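Take a look at these structures.
Below are two complexes that have chain A in common, paired first with chain B and then with chain C.
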Partner chain A sequence: MTITGNDITAIMKTVGIDPKTVDALKMDIPLVHQGLDSIDMPVIAVAVEKKFGIDLSEANATQLKTIDDFVTFVNKMMPKG
Partner chain B sequence: MKIDHEIPVEAGQKFQVDAFKEADALGIANLFYAIYGADYPFETYYIPEKIIAENRCGNIHSVVARTPGGDIIAHGAIFRSSAPYPNLYEIGQYIVLKNYRDSFAAYKINQYIAETLVKAVNPDGLFGEAVCNHTTTQKASALIGMKDMALEVALMPPETYQREKNGCDRVSCLIQFRSYHDRPHTIFVPPAYRREIEFAADGPDFTRTLLDSIEPIPPDISSKYTTAFLSFAGVVRTNVEAAGSDIAAIIDDIERQASAKRMEVLQFFLNLAMPWSGKVVEIFRKKGFFSGGYVPRWFDTDAILMQKNQTDPNFESIVLYSPSAATIKEFVQSDWARTQKHRGVTPL
Partner chain C sequence: MYNVAHELLHRQTIARGDKIAIYCGRETITYRQLQEEANRFGNVLKAIGLKPGDKIILSLPDCPDTVVAFLGSIIYGVWPVLVSPDLSESTYAFIVEDSGAVAVLTSTDSAAAMVCSASLRKSLCIQTPEMETLRREASSKLDPWPSREDDIAFMLYSSGSTGTPKGVPHRHRDIPFTADTYAAEVLNLTASDICFSASKLFFAYGLGNSLSFPLRFGASVILYPSKPTPSDIFAIIAACHPTIFFAVPTVYNMLLKSIDDTVSMPSLRLCVSAGEALPASTWREWMRLTGLEIIDGVGSTEALHIFISNRPGRVRPGTSGTVVSGYEARIVDSAGSSAPPGEPGHLLIRGKSTAPFYWNRPDKTSETMLEDGWLETGDIYTVSDGCFTFQGRSDDMFKSGGHWVSPALVEQVMREHPAVTECAVTQRMLEGLVKAMAFAIPAAGYQGDITLFRDIRAFILQRLPDYMCPVQIEFCTELPKTETGKIQRFKLREKTLDG
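And then the complex of A and B:
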């Protein structure tokens, strides 16, 4: 199974990020440059961790700046098959 | 001994979020100095011995992000502040070293307070005063279940945030509240603010009986109140546990003192357990005060905040994160506009 950017944006909507903001997000631009802030980022990271059952250490999580970063990281970490 | 210089902390260290230990006190003081220089208005946070003493006696319950070597890179706390009821704690004092701003330290401290610390301290409620020049703090509070209650208009001077380069106008604060152990009781609702109180008190967190407050102020009761002049903020904050027939004269006296001390903001928290709270509120309204909203458990019983600003506030500068906070702002701004009509000024 692989995920896409839509999986990440769907998670964002479930954790209270304004849907209008989410719908306008570009995949390759840092989220903090698109209206998200320092509270949104850990909330998203924790939700992604729970949804996909992956271990997102703080060191990894703080490197995830864009939706594309999340997609690449999750696809790399998720069990294959 | 008061900290008067910054001890550098190496960037990029791992850290663990934990409850306060006495060995953390020096690191906390260093953290406050690193962020605020010598300008933070509460001296306690510069003096490790005082940090320890306040944590020992339960006035402050600090939570820290601690590196393996014992450096403190972030802090948050629940603490007793302006509320007369000692089991209502304020949440705040969040600061993070600049080198660690992109870590999740503040978020983790927030979660630790909500999930671990409150079980140990067992407060009846928490309230926060989230600044409204950005929404980060408001959202952080909402994440741990705090509800929007009231708006303190133009509360803090911009200088408070100058080092952070955020401030221009005085900064308003959104009062948010979370109940842990409710105390069902009757509150006497000033008719002028029934809509505002019903809006804020709605929901499963509160069991209240709302009665219209129509009784006259008893002629034989003297007011019971305490006043604090918060010079660093230019705020005079008065808690009126009971208002008697002398309340008008007391307001006038405090306004005179505030003017002499060049205070910018007057706040009165009025106890809604008084059956005559409606008449008391009317006195405040006639003197140009407007409501900030409903504040649960302030006296153990609930309160309403009445406020007045010496300078017209800039409501446009208030940034809010939620529809309910925006509704509270509409209530407050509308009531402020009423005071302007009394002054013969057309509000913008």
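And then the complex of A and C:
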């Protein structure tokens, strides 16, 4: 199974990010430039972690800047099978 | 006689009175103006009936008025008690009562400020007609209060492990000591420098970065009143050309998240981090994308600034570095004996900037301010070849976003939420940094789901600073407890580490 940007934006909506903000997000632009801040970012990371069963405890912060970054990271790290 | 505010201002005004001391948006203030305004503020305090030895709470954003009020109070002999402008009403109420302050200076008529003004003899607000009149009528000359270097000059508040803040009084001598040790030896700060700190003045780290260090060396400082976003920080660096940038690891991580490619910041010669351990990965990424080293160190409110630090050109990423000249450090076991080399133990430090006691807290004073001037930091460290590496805390406290998080305080607020029966707050790692997380037992009729998670977070964010708000809440049916009913947080920590 591979995930897409829509899976990440769906998660953002569930953790309380304004749906209008989420719908306007560009996939390849850093999220902090699109209205998301230091309060939102860790909550999104934890929700992605839980949804896809991956571990972000020691992930490098710069690997997860954009929605595309999340997609690439999750597809690489997600348990196979 | 030694009055630190008078001495430092007087020295810089003679040496470089017309040099700009503070840049803040379009506002600038020279050293001469700073001295005159500080004297005026001291005279304002006199005019409204304050006496040397009284205390005034300064609850202000980072702006020239804050520096003026801090220095003016000290010149007149009044203790400024510098606190965050964003405290909860209950914390303000506690600090008003605990500090014994008789006056407050704020920038707004916020609800929190009202708490202070309702119970204090005098409430002042900057940029109001009343304040402007008082200032205009005050003389720019003021004889400094004839204090000695060991007298208390000001007070900061540090979070306590039970959620009750602790007053940390500092002496006149502490300010120059932090500058002459860390800022001189590690940063090599000179009058040519322009400092810019994302950490605010009410935080001991920010006070050194934006006030003590520039004032001691005749450098300039850039103040930014709001909480800066990554874009704000890059814009200020590009427009104002600071030479040294100070922040906490969380801010460096957010800056890294906002850049795609290499960034050139030619004005900067140093970047500094403190407040919590800087992940080695953050250091490497920052170096790769900016070409700049981050000089990570460890300090505390009790020591006023950094006492162990890496050195420019000799950074060991992931460590706090070596002891700063002027300070001593020991690693001891629980019995107080020196720990064997390489073994983790309690970090004790000694130096002339450490606070002599906690205000009104003899119990905490005896636990922390030990015999012969040693200070128990509460941190567990290892040392190898003189290089110190953070291993954790000896109590339940932890740092997130560079600030102390008291699990007890967050739990107290969470329990006020109608859907929470019981809860426990601990820490977890996320992208290399420590974040608060919670376990909660939902009350009957409530579902432990994402909706409740959002609701509890919104509830906490209305009452506590964002760094205290759990990024994750695990709903459960029971919490691990001792036979006496005390929550076993270490078991929760193990649970988070095990995943």
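In this section, the second predicted complex is superposed on the first by the 77 of 81 C-alpha atoms of A that agree within 3 Å, B and C clash if a C-alpha of one lies under 4 Å from a C-alpha of the other, contacts with A are read in each partner's own complex, and residues count from 1 in each chain.
Please note the rule applied: contacts are C-beta pairs under 8 Å (C-beta built on N, C-alpha and C of every residue); 3 or more make two chains touch, one makes a residue touch a chain.
Note that the coordinates shown come from a computational prediction; the quantities given were computed from them, not determined experimentally.
Legend: residue contacts after superposition of the two complexes on their common chain; A:Asn6 is shown touching neither chain B nor chain C.
When the two structures are aligned on the shared chain, A:Thr62 is found in touch with chain B and with chain C.
With both structures placed on the common chain, the touch criterion links A:Thr72 to neither chain B nor chain C.
Of the two partner chains placed by the overlay, chain B and chain C both lie in contact with A:Ile39. In the superposed model, C is the one of chain B and chain C that contacts more residues of chain A.
Judged by the document's definition of touching, chain A residues 16, 37-39, 41-43, 45, 58, 61-62 lie at the interface with chain B and also at the interface with chain C.
Chain contact summary for the complex, chain A toward chain B: residues 16, 37-43, 45, 58, 61-62.
Across the interface of their complex, chain C is touched by residues 14-16, 30-33, 37-39, 41-43, 45-46, 50, 55-62, 64-65 of chain A.
On chain B, the positions that touch chain A within their shared complex are 14, 101-104, 106-108, 134-136, 139-140, 142-143. Every residue of chain C that touches chain A in the complex is listed here, in rising order: 229-231, 250, 253-254, 256-260, 279, 281-282, 285, 289, 401, 428-433, 435, 450, 453-454, 457-458, 461, 466, 469, 471-472, 499.
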